[in-house]
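Next up: some structures, all given as structure tokens.
The same chain A turns up in both complexes below, where it pairs with chain B and then with chain C.
Take a look at the complex of A and B:
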């Protein structure tokens, strides 16, 4: 294990110890701050429920992530291939993006219902923006002289896009995709809290209504673990694919 | 065919070419012709429009209307030269995600050549470019001189009669540079393409060229066309021979005059 990973683990352990110490030492009531041991025990007890909820949330996040990434990259590609479309697309995208995604939730729930499709739609929106903006920045950063070189070899637009622009933009696209992992889970959970049939957000909502704060923390812990794992996997793929950095 | 031999032998011809960018005239009344098989070097003060000349001949920039641009005896637009001239810009511009072989064959790939055949051909050319054993390396693993050789190999792989080399050795240290010059002549003598070669270095221009073109300060045009009647193959000692020095003196005088002009002009603007 690398020294960095070791330090990270050490930091996490310290936090848990401090948390446990504060919660037990001051005998805080569990609606203020339950002890970590209490939360872990509750996760174990509710594991069946948390696994089903976590699976739903993860499914929504992953599906929305896949759609959003595809749409974001496609839209940025359209702007590059048809330069005139930039001034038509960009203002619209910016206007939609200037409002937090959660603000659209009630409408989307109305349109898509309280099932998984409304969550997928909103995750797609959130991830799509992030990836779109980073992909566009990546495409724009491509060295003009490299484009000229390929053109001098007789390369057309499609060839330049495939052989140069796309790979050159990959580092920035990947950075956007890494940030979008966490966003996708956040948006899925927040939307679930506003109305759902299952999912971690729904579990949190129900626990709050039932004044079960240990239950809230249990769901938060699971969500946080999923989020970290997703982030880690995408980061790992990024390092494998973009080997030249 | 009624063309006279001299016309067909003239691979590239520019007559009265102007190029303006906004309010800046980069090139005015540029006239030059390059016979097939000749190695022509171009020197001149910085900002004299050398790169503008190259961009036009590579097909990337269209000259202002009015001039004559002829390639292989036929009048044409600059953009018709895209894909017909093999161009090597100042920086190597290797693609970091491609290894040496795949960087070398990119032009062939673009023109639709079979990748496998192109790779095999590139593999056979590696020794000549001093890259044996480096085929699977990536650009960030190579030294500056090696990267430049990969870029040159890419230019040679794209087999066109006319090669444009824009200060290919500009970023190298003096020793590597003189080694690369001799090596380039060696390769050129075997492949015999027509070469147009930009440089800042007068020694390099004389050592390599059949003819040295000295450009004027902006707006650029040809001030002096000096044939270099030194025997080939040329060795390193040549640069200290009296004939070489005589040519160098003549060219330096012409450049000096133009450098002063452009220096005065920019100095005046700054003041």
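Take a look at the complex of A and C:
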């Protein structure tokens, strides 16, 4: 194991020890800071509930992530293929994007109801922006002269896009997609807290209302673990696909 | 020295020269806004979109004009929370970056924890912060801070690490102290990279402030949003969204302007 990884593990272990020590040593009430052991025990007790909630949240996040990525890349491709559409699409996207996504969640809840679809819609929006902006930056990064060179050899627009622009843009697209993983879960949870039938956000909301702060921490731990796993999977795929980096 | 000369020269020559492009830019901005407003108003009328989905822009503006005090108060409150959280996040982020550069052991130990901390859904964290700090302005600022400090830390570290080692060696050979090295060479060199994070943090700190207000406050744009949701007043909701857009864009523009001014050698990407 590398030295960095060992140090990282050491840091994590120290944090857990410190946390446990402070929580137990000062006998802090659980609404201030519950001990890590207490939280883990609570996760085990509530595992059925947390698994169902986590599955709902993950489903919403994954569906929105898939839609958002597809829409983001498609929109960026449209702008590249039809350059005149840039001045029409970009200002609209920027205007919508100037509002923090969280501010749309009450509106989207009213439009789509408190079911799964409102969360998927909002995750799609958040992921779509991130991926669109990084994809566009990636496509734009290509050297004008390289495009002209390929053109002079008789390459069509499709082939320039496929052989030159896409490979050049992939590292940036992948970076956007990696950032979007964590964002997708957070947006799903934020929207669930404002109104839902199930999901981690809903569990957190109920725990807050019931002043069950060990419950809040349990759901936070699960959400964090899910985000890290999603992040790891996308990072792994990225390393497989973008082998030339 | 040469940087200082360049700065004075630029300030001297600037005078009226930047005024014309600025006016042109302002004109285009107003024209763009006018077109957007016309398209919005026209689309709602033409497609007969029901107001519970998308109200007319004029109706939204009329709502704001009816009770401007509530929106102004909410705007200022949210702005204050955003600014405090942002400022704290920038200071802590830059200090973290410097610390991590000086002490790689600390970096290796703390960085993974920072990464994990960013996977915590901000709203769940918000519930805890409000509990810890009470339902105060400070609690909202803490949430904004929590979202800002991480990107600033990462980019400060990246920027400091990318300083040309030959430049450091040169300054060292002239007998520059560690502090001079940091203030005169490394931080200015890292500035373009840091500003990328500041622009990101400008948006994120606003999210933190708005979400923080959802835990029962009395003023703020987030409060207006939430109350409008419970009473299903879509027009009020859109009014709050417009205010948030104004706040977000204004703050982002201010940070970009500061970037233009401070990173005048034009290393922007």
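By definition in this document, the second predicted complex is superposed on the first by the 242 of 245 C-alpha atoms of A that agree within 3 Å, B and C clash if a C-alpha of one lies under 4 Å from a C-alpha of the other, contacts with A are read in each partner's own complex, and residues count from 1 in each chain.
Methods note: a contact is a pair of C-beta atoms (placed from the backbone, for glycine too) under 8 Å apart; a residue touches a chain by one contact, two chains touch by 3 or more.
Since the model is a prediction, treat every value here as computed from it, not as a measurement.
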Chain B versus chain C as contact partner of A:185, first or second or both or neither: second
Which superposed partner A:213 touches (first chain B, second chain C, both, neither): second
Touched partner set for A:202, first chain B, second chain C, both or neither: neither
Partner chain(s) touched by A:65 [first = chain B, second = chain C, both, neither]: neither
First (chain B), second (chain C), both or neither touched by A:107: second
Partner chain in contact with A:31 - chain B first, chain C second, else both or neither: second
Chain B versus chain C as contact partner of A:151, first or second or both or neither: first
First (chain B), second (chain C), both or neither touched by A:163: first
Touched partner set for A:143, first chain B, second chain C, both or neither: first
When both partners are placed on the shared chain, which of chain B and chain C touches more of chain A: C
Chain C - residues contacting chain A, complex: 32, 36, 52-53, 105, 108-113, 116, 118-125, 127-128, 131-132, 203, 206-207, 210-211, 214, 221-222, 225-226, 228-229, 232, 234, 237-238, 240-241, 244-245, 248-249, 252
For the chain A and chain B complex, residues of the former touching the latter: 143, 145-146, 148-155, 159, 163-164, 167-168, 170, 243-244
In the complex with chain C, residue positions of chain A that touch it: 3-4, 7-8, 10-12, 14-15, 31-32, 91, 95, 98-104, 106-107, 109-111, 182, 185-186, 189-190, 193-194, 200-201, 204, 208, 213, 216-217, 219-220, 223-224, 227-228, 231
Sites on chain B touched by chain A in the complex: 55, 58-60, 82-87, 89, 91, 93, 95-97, 106-107, 109-111, 138-140, 158
